Structure formats: C-alpha cells, structure tokens
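Each of the next two complexes has chain A plus one more chain, namely chain B in the first and chain C in the second.
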Partner chain A sequence: MATQGIEQPHVQQPPGRKPSGSGRKPTDASPLTPFVFLAPYLLLFLIFIVIPAVFGIWISLHTWDPLLPAKPWVGLQNYTDLFASNSTTAGPFWNSMEATGKFTLYSVPLLVVIPLVIALILNQQIRGIQFFRAMYFAPYVLGVAVIGILWRFLLDPNIGLVNYYLGVLGLEKVPWITALPWAWVSLVGVTVWWTLGFNAVIYLAGLQDIDPELYNAAKVDGANRWQRFVNVTIPGLRPVFVFVVTVTILASANMFGQSYIITQGAPGEETTTAIIYIAETGLRQFNMGAAAAMSYMLALALLIVSVVNFAVFRNRGD
Partner chain B sequence: MKGFRAAGRRLTRQDFLLLSAGAGAGLAVAGCGGGSTGVQSTGDGGKTYKGPKVNVAFWNGFTGGDGPFMGELVKEFSSQNKKINVSMNTVDWAVYYQKVPSAVSTGEGPDVGIMHADQLGTNAARGVVIPLDDVANALGLKESGFAPLVWNAGLYNNQRYGIPLDIHPLGFYYNKGLMEKAGLDPNNPPQTRDDYEAALEEMKGAGIEGHWMSPLLFTGGLTWMSVLWQLGGDLYNEDASKATFNSDAGVEALTWIVDVVKKGYSPKDVGEDAEFVAFQNGDNAFMWNGIWNINPLKEVKGLEWGVAPLPQIGTENAAWAGSHQFVIMNKQPLDENKVQASKVFINWISQKSIEWAKAGQIPARNSVRESQEFKSLEEQATLAKQVPYVHFVPAVPGIAEVGLTTYEPAVNEAVLLKTEPKAALDAAASRADKLLEENRQKYQA
Partner chain C sequence: MAQTTPSAQTKPTRRDPRQVARLILPYAVLILLTVVFVAPLLWMFSTSLKPNFQTTQFPPNWIPQDFSGEGYSTILTTTTQTPVLRWFINSLVAATAHAALVLVTASMAAYALARMNFRGKNVLFALIISTLFIPQFVFLMPNYLIVDSFGWLDTLLAIIVPSAAGAFGVFFLRQFYLSLPQELEEAALIDGANRYQIFLRIILPISKAPLATLAVLSFLTNWNDFLWPVYVLLSPASQTLPPGLAILQGAYNTNYTVIMAGGVLASVPVLILYLFAQRYIIQGVSRSGLKG
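Presenting the complex of A and B:
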C-alpha cells in the first residue's frame, strides 16, 4: 500500500521544489512520514468507526439479537418496515424523528444567537470579566444526568420550585414537563442554559481573532456600532458560524439525556427522540437489526442536513 | 447512555454511527460465546461447598432503602463461609438488565444475581441464566412451600431458572393527619369503591387533593393494572399471544383513574415521584405505591401514616406485584466452583428471608411468611394479606418491553388528559399484538 513509496526510485516531489536527481537529501521528509503521523488515528478510526459502521450495515440486514444463536437474514426488511404503515417500528420511529426534528428546529437558532450576544458582552473590557466568562461556561461542565435530575425537580408541575415561585407571584401553575408545548420549552430552555457556554467560548475566540485595525478603519470611515457589527464582526466570524451551526445541529439531533431524564419521552411519546427510540429498540428490546437500520436512516438525514448547511455557507462565502 | 448529549458536542455523524453500530458490534462479538444453556449439573445443588476459596460476584439493582439490608446479609454470609467471598455490586435496574446479558456472555460480570419475575423468561430464552432445578430439588424446595404464583414465576419452558426470594405488591398508604382533617376515621381506611370515592369527595371538600395520580408506570400504570385485574380483566390472554388490556375492564379501569384527575381528587400533571414526595410532605392523602416504601416513610419525622391492602374498586380483590428471584448467570466457561458457591449463597439467603422482609418485602417462603417474626412486622404483614390474589406480569420472553411502547404511553396520555382511555388503549393493544407476535417468532427460532 502506501509504504511501497519508499522503494520506488522516482519519488514525486512537491511542486516548487527543485528536482534533486535520484537521491534524497537527508533533510527531506520520507514519503512515509504523513502516514506514520496518521497511523494512530487511522487505526482507531478503522477499529471504532469504519469496521463497526460496515458491520452495522450487516446487522441491519438481519433480525439480530446478539445473544440468540439464530440471526435470520431478512434482507432490506428492517428498512422497508420503516416505511410500512402496518409495521411495529414505522410509527414510533417517525414519531421520534419528528421529535428530534422539532427539538433541533427550536434549539439551534437559540444556541447560535444567544451565545453570540453573550460572547459580544464577554468580549468587553469590564472589571471581573473572567468571573462572568467562567459563570456562563460553568453549566457545561456538568453531566447530563446532573442537570437532568436538577431540572426535573425544579420544573415538576406540582412540587417544583419554579411553579412554587410562580404561585407566590400569583401566577397559574405551568405543566412544564407534562404537556406541550411546555415540555419543549423546558427541554430547549434547559439545553440552551446548559450548553450556551460552549458556543460562547467558540465565538469569543473568533471575536478575539478579528483584527482591531478593521474596527479602527471602520470608525475612521464613520461607521457606527451597528454598522461595525454588521460589516466587520459578522464577516469576520463566518468560519466560526459554519462550525457552530454544524456542531450545534448535530448535537441537537443527537439529543438523548434531557428527554430521557426530564420528561421520560412524555407526554405520551411526544418528546421521545430518535436516539431514545433507537436505544430502546436495540438495547432494551434487543432488536439490533431494526435499531441499526434506524441509525442509518438518522445518519442519512443528518448527512443531508450537513450537506445543505455547508452548501448554504459556501454560497454566501463566495 | 445518559452521556450521549455531552459527548455529542465533539462528535461528527461518523461518531454517531459508532455509537449505534458500535454498540451493536460490541454486543455481537460478545454474543459469540453465548447461547448454550445445556449446563451439566454437578455437586449437591447448593447444600455445601467443599471446593477451594472462591470469589463470587453478586449483582442486583437494590438502589433504594433495601440495598443496605442485602449488603448486611452478604457480609454475614461471607463471615460465616470463609471459603466463599461474595462481593455485591448494585446498579440501577434499567442499566442492570442491559449490562448483565452482554457482560455474562463475554464471561464477565456477575456469577449470581437477582431478576424480576417478568424478566426471567427473556433472560432464560437469551441464555443469560442457567436452570436451577437441581438447587430446588436438593434444597427440598417445593411448590407447597411457596405462594403458587411466585413459585411458577420462576419457571420457563418447564425448567426452573429463578429461586423466589420475595413478593413486592402495591399497597395503599394513607395519611392519618389528612384523613382526620377531612373528618374521616384515620384508623379505618376505605376498602371499598363506595367508601374510597366518598373519602376522596370528603377530602376535596376539605381542600385536600386526596389521591395524586401519576401518569407514569410507577405508579399510575401499576394502579391501572391493579384495577384492571380487580375488574376481572387481564393484560394478555392465557398464553400471552394477544393483548387484552383494551377490554372493557381495561378501559373501565383507566377511566376510573382518569376520573380521579378529572374530578379534582388529584392535581393534573403529576411528575415522576411527585406523588411520593407529596405524601412525605403531607400534601397527598392516599397513595398506591410499592411495599418498598415502608422504610423510607418510617424515616419521615412527624408523618402519621398507615398502610392497608388496596381498596377493592372492581368486582374482586387484586393487586399488582413483582417478585425478586435469585438466578445464576451462564458465564461461559462456567466455573463449577463458583456455581456451587453461588448455590450455597442462594440457599443461605433464602432461609434468611425474614431479614430481607425487614427491608420492606414479603418473603416468598410460606414458612417465613407465616412465622411469628414476620407477623410482628406490622406493615409488611398487612400487605402480605394480598398475597393470595396478587398478579404478576407474565414471564414471557420480551414481555417487559412490550409494555414500554404500548400501555405505558397509553396510560400516560390518558392520565395527562390528552387522549380518551379507550382510544389510547385500542391503539396500544393493536401494536402490542404485533410485538407479541414478533417476540414469539424471535424466541421460538
């Protein structure tokens, strides 16, 4: 494979380098070098991503319970079942995909805009700004189990602190985790509170990368604060936006813990996300074949979203 | 599992494939060693242990107030049996039932464990646990020594996989202070439908929400099952091949439960465990909850409460119950010494089940249940009156997961007043029929 390059007499030189005849200077990099550097990751990539991904396709073509000796081949049935109205998987699966879609739709805009606003504030020269930076980032270091249980109790409709204080203010009780649309309001709100620090830190790094000269130049040209924001800050952050939007969409589409702990997928199965249903199918019903097929459908959906996302930003960038 | 979101931050879609497909692959590789249940029984079935010193791993899901009791028993056993060192590991039940099968099939994990009756069929069919007929024979365990239901729950395909430890039914907890406040006799809790509904009405008049109705399996779903059985219905037909929980009895039971909310005897939108917290805080007068809450409630200072068998809402007495059963894991290759030591351990704990009863359980053995010592455990003994008529979810392979996507969300939607009881149960039942058929094919092959 790649290692054969060493023995070959005619090694292709990088462009711009003077051909050096048949020999190589001792300081030249061996053609093997990049592969040696890549090897550790490639190995992990192969073992933990490529092989399982391919094996997953194989699993999805069977009725597969790892502990049962019989794993009958069913062809594409696990996939066609997802589109057959009389199958056991189609209804709950698309229901869960819809829940995932809704959560992504509600949470991504907030997680793109609010952290930007916070990053702009945190980018000011204020006394004790480091303290505030730490404060906004703090919830992100907590595990989902911690924030899940915390908010489940705070938001409990009857015994929770939030409704208690609403009552003190003379307001009606709100069914935060047991009825729509409140369950989505809670899940999105908790997620924004929990993860905005991450996006804010990314934005902050992006903001500090923008050359102050540009702001000075804009000022000299008479641009006001808003004009400087639109014409200097926003274009300067474009690569950061691509990253933040992509990562946030994928993270939201993989939402699991918040619904699992705070609402338990309720009311009914309204907040049961795709990952929850896939995990239940594969790890509780031990129906790995169907679960693998669903995983590929979700992966396909995310692939399409990611491609659209990149296309949109690329066009604007031109 | 619960860490998906946190990890998702740094993940790409390829990593996502890893999460789903990789989990499958890991288990599948693990699965290669499993499947064989034809274990040769040697030894004397657990009367004595004569082998070398051995370590036995014992896993269970006693994360509540019952864990320390089991821990004490394990300690006592190890101090008496110098050659057998039992180490106990407690994980949440939901995690336990996911982890144990894959661990055991790779030769890791526990040697001996506890499983609920309704999980035995699944785990026997999947080759996770080994038959224990020889233990039952050697120890002279017979059906006559146990409540029939709990004895039969340990069987799958006419082989014994579980040695019954206990029965844990739903019970009726009542707050004496709130009853007095509403002008009711705190020493005479309502036991009939008329009395129960009258009591709830009295309490409503006194501004008390009498019976907080949970929309979740614990405890709203269990309450619904109990009333369903009281009305002469059942979850499934005889051989658990068809769902019958949408029968008239099922609909009437769910309607009764929903009416508790509609008539204002319960607040709307009760959250997870809120009915229990409200009971502890003296805000909830009546609670249908598991026997395992006896000890936690005893620790609440100033709370005056009592416990009674479930009121009879239907035409007969019935109550939901579960049962913890001892199992020995099919850890390949089987270590005969560990298996034998595990059997000795099971036998020892089984005879000590009076100590276990103190944790808030009813012993499965008749002799212990009828002993003076058990009768002196007032609350447990009161709930043990239900033993002749308790019902289990049948131990058919895959059954526990059928409820997960059928009647659990149906009860949830109905109690949250989103869907009418009949519509919710009908949709759930037709889905359950298909799942039961899929399970039958899967586990028959």
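Presenting the complex of A and C:
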C-alpha cells in the first residue's frame, strides 16, 4: 500500500512550468504558509507532549508536592528509593509492577491467539458475516467504566449471573473478585471479551491482504487445510503479528480501569496494577517526584519487553 | 477485494446431511459467539428496566417481569452527589469539542506535512511520529501540573485539549493526503488560488471519509476516557460519565437498577454512533493497524 510519492507519468506539464526538483510539488508564494498550517497543532504538541516529556524527568528529580511551596532537588533519590529496602515506596511499587507483569503475561497470549481464531471464522464467505463482525466488535466501542460496572455485577459472587449459571451446571460458586487466582481470571477474561474485537479486525484486514494465488498454489501442490494455514496464512500475517503483540503488550501495561472498578485492587493489593499505584501515589498523595520516577521505570520495563519482542520476531523471520 | 476462502465449497445439489451440517455449523458457531458478546450488554439493559428488588431474583429474568423506570428516573433527577444528567452533558460537550479540535489542528498540520515543501519537514514529521511510541503514562504527572497551571483542573478543558496533542490524527490524515494526485493543487495554483483556498475548497471536501473516521474515533476515545478524568475532575458537577460511573457504583452499591441505567446511558450514544459509523470505525481501526 504505497501511498508516498505517487508518480504521475502521464500528467502533462503545463507549458512554462518546470517540475520542481523533489516530487513536483507546487511551490508556495510565502515560505511561511506551511507554518501557518502547522501552528495550531504544533502549539498543542509543544505544550502537552514536548514540554511534559522533559518536565516529567525534571519532576522525578525532586520531592514534588504541588501543595507545598518547596520542591527540593533530590537528584536520583526517587529512583534509588525504588531499589532501597528501607523505602516506603519500593515494596508496593514492585508489587504493582508484578501485578501488571502477571496481567500482561496472562492476557497477551490469549489476545494474540483467540482473535486470530475469531478472524478466521469471520473470514468465511457466508451471508451475514458483516453482522457477526459488528457484534463481536461491539464491546470494544464501550469504555472501560461501562465494562467495569457491568462485569462487577455479573461476577458478583452472590447475585451475579456467572455464578448462577455455574450453579445451574452443578458447579460451586466461584469467588471471582475476592480471591486468587479468580480475580486474575476475571480481569483477564473481561479484558479478552472487551478488546478481542479490536485484534480480530486487525487480523481480518491482514488475512484479506494475503494473495489468494498463494492458497491456490498451495492447493495445487496438494497442501491440506492445516498445511495451508501453517505455510501460507501464518507467514502472511507476520507483520500483523508484530503489530498485534506490540499493541496488546502496551495496552496490558496500561491496565487501570478493570482493576480500579472490578476488583478495586483486591484481594489485598494483589491486583493493584502499576498504573493504579503510580496515579494514586502522584495524583492522590501528591508524591509526584516518586510517581514520575516510577512511570519511567515502567516505561523502561516496557521498552525492554518491546526490544525482546522485536528481536524474537526478527529472528523468526530468517 | 477478493476474499480468500480456503473452504470454498460448491453448492449442494441434494440434501446430503453432511452438506447440511457444513452449511449450518458455521452459523451455529457464529451465533454462539454472538451470544457471548451481546448477552452481557442485554443483561445491563434488562436490569436497568427492572424495579430494583427484581434485579437479584433467580432464576434471572432476561425480560423484566415488571418494567420500571426507577433506575432512569433516579439518575436523571439526582443533582447533588451524582448528577448523572450533568455528566452526560459534560461528556457530550467534551467529546464533541475534542473531536472538533483534533479535526481542525490535525487536518491543517497533516496537509502541510503531506503536500508542502519546507525546511525541516522530515525531521518534524519524524519527531511527531516518534512520540506515538512514548507510553501515555509518563505524561501523567507533568500534564497534571501543566493543566493545573492553566487553571484547568476540574474543568472540561482538561479533558478536551491535552489529548488533542496526540500524533495519531496527523499521521492518519497525512497518509490520506499523500495518496491524492498532485495535479489537484497544480491546476488550482495556476488558476491563482492560494494554499488556504485550496485547503478549504478542494482538499477538505474530498477528505470527508477520513475526516469522518477521525472524528468518530476521537469522539469515542474521549467519551470513553477513564484514567485522566478520574484524577483531573474533582467536584461532582464537573465529572464526565466514565469517572461518574465509578462514583455511581460507590454511591448506589447494590442498587443495580440505578448502576445499570448509568451504564446504559453511557453506552447508548456510542452504540448509536457505532450503528451508523461502523464502517468508518472498523476501517479506521484496521487501517491504523496495518500502517502502524
């Protein structure tokens, strides 16, 4: 899907106009024109992205409570505190990192595999398939707050529908929200239900981009369904896999609302994710220097995971 | 676009049971999955229409035994701690203003980046795009303080403006503008039109589809945003619906009619939008995916 620099070999140049060097773009009367167009966006970009990107590091080097006049410089102490056994933040912070790590570990494989299966189901040429695609994607357009209060109700141990239907099947009541490992099963399950449609749509577009000739050729060679899946579909989806895995890891690392609403971090602080802990530390207790430092630690962890992810996919490609 | 169907099958000529099964089985799977995705939403809707004492009765009634508007009347008339109607209006105003701001700023910037030549263009674009890879949570603390310094805490401006700085809109529209043929502008420039006229009279009118996609996606994202509003909106009256729903759940605890009515109120606008703009939403998602 090359969109950049579409060549127009048949366009006749108007007399007296020479193509201007790169890409034959019309030249402008005023060199300022592009910046007039860019100005409104760049203003937002500067104030809410460029400045905070630097300001955030600055905050992390101070003890920063917006309610206090003094914001003493502490150097790297907010970072070293996260590794000090006697600090009050290190323990809960790493617990919350562990919670986010667990959630990522449990949810990413499911959100890579299940949407692929759904996409394969949706890739059949049968009547009404658009309707089903729309239904599977529907939960994704709802926000986490709606999803959260709805599943908090459905998963309620006593009056929730889920336990009721388990009872109908003759099964024991499950403490979905209050005990491990059930709290994780709930959070991961709800997240898969909620966001599966997004990944499935990405896969579906990828499936439809695979050249049908490849399937025909494989058929001619006598490949059965499974062999065609392994040798045509999977390699054809490689770039899509990279994207899906990356985006899903990022979304998992950002997990906030599901825990905030459904389990409220319980049992104990087991499902208090890193984002919850960072936001509460910085924006409720106003220990913003420490919270900023934590957010960079989480970003660093995410970076390491992404590098590993890309390295794995690159090696598989050879 | 030709779809690939590994299981392309010929039409059954007679009603062999195996062929009937092959016809029915895909639908059985599809319908079962539909139930999985839709039933919870129907339960929310059904619960919101029951009198509260019937919300926890078993066996469950998917269709309310008695219809009751108590959930809706409660949330629409409370005005002090949980003014849900006010939250609804706040959400509507914020998401609409946010989408408008994104459309104006992103379409202008993307046009310059896609169709004009100027020094430093590639560096600037690379800088903008590279910020897509910075996880949002590192902006939490600094943007809170920046918003605070503008006096925007506890106002809708905090919800409308900062998130419009995201690079997605610029990236998305630039892709579209790059695909337009060059002579579009050349002809107009020869006719003496300037860039502003070209942008307003030629580029924007042919960009309706991508602009609609971006508008819908921006509206949805803003309408559903949860984390940021939880921390920057403080008083009951200034909440948007997502943080409001969390407050509602705390305030009404076991009054599921009221809580689910709040959930329905927060869902209906986006579901209606989804109904009419489904194609834009799904295409926008899949296109951003493939090019991301």
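One rule holds for everything that comes next: the second predicted complex is superposed on the first by the 271 of 318 C-alpha atoms of A that agree within 3 Å, B and C clash if a C-alpha of one lies under 4 Å from a C-alpha of the other, contacts with A are read in each partner's own complex, and residues count from 1 in each chain.
Everything below uses one rule, namely that a contact is a pair of C-beta atoms (placed from the backbone, for glycine too) under 8 Å apart; a residue touches a chain by one contact, two chains touch by 3 or more.
No experiment lies behind these values; they were computed from the predicted model shown.
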Contacts of A:144 with chain B and chain C, given as first, second, both or neither: both
Contacts of A:166 with chain B and chain C, given as first, second, both or neither: neither
Superposition-derived comparison: chain B or chain C, residues of chain A touched: C
Touched partner set for A:114, first chain B, second chain C, both or neither: neither
Partner chain in contact with A:53 - chain B first, chain C second, else both or neither: both
First, second, both or neither for A:44, with chain B first and chain C second: second
Partner chain(s) touched by A:90 [first = chain B, second = chain C, both, neither]: neither
Which superposed partner A:240 touches (first chain B, second chain C, both, neither): second
Which of chain B and chain C A:295 touches, first, second, both or neither: both
Contacts of A:225 with chain B and chain C, given as first, second, both or neither: second
Footprint overlap on chain A, where chain B in one structure and chain C in the other make contact: 48-49, 51-53, 55-56, 59, 64, 66, 143-145, 148, 152, 159, 198, 247, 250, 254, 256-257, 260-261, 275, 278-279, 282-284, 288, 291-292, 295-296, 298-299, 302
Chain B - residues contacting chain A, complex: 1-6, 8-9, 11-18, 20-28, 30-31, 34-35, 97-98, 101-102, 105, 125-128, 212, 215-216, 267-272, 274, 277-278, 281, 283, 398, 401, 404-405, 409, 412-413, 416, 418-419, 431, 434-435, 438, 442-443, 445
Residue numbers on chain C that touch chain A, as the complex places them: 1-8, 26-27, 29-30, 33-34, 36-38, 40-41, 43-44, 47, 55-56, 58-60, 104-106, 108-109, 111-113, 115-118, 121, 124, 128, 131, 134-146, 148, 161-167, 170, 175, 178-179, 181-183, 185-186, 189-190, 194-196, 199, 220, 223-227, 230-231, 241-246, 248-249, 256, 259-260, 262-263, 266-267, 270-271, 273-274, 278, 281-282, 285-287, 289-292
Residue ranges of chain A touching chain C (in the complex, touch as defined): 1, 3-6, 8, 11, 14, 17, 20, 22-29, 31, 33-35, 37-38, 40-42, 44-45, 47-49, 51-53, 55-56, 59-60, 64, 66, 118, 121, 123-126, 129, 132-139, 141-146, 148-154, 159, 161, 164, 193, 197-198, 201-202, 204-210, 212, 215, 225, 228-229, 239-240, 243-244, 247, 250, 253-254, 256-257, 260-261, 275, 278-279, 282-284, 288, 291-292, 295-296, 298-299, 302
Chain A residues within the chain B interface of the complex: 48-49, 51-53, 55-57, 59, 63-70, 72, 86-88, 91-92, 143-145, 148, 152, 155-160, 173, 175, 177-179, 191, 195, 198, 247, 250-251, 254-258, 260-261, 264-269, 275, 278-280, 282-288, 291-292, 295-296, 298-299, 302-303, 306
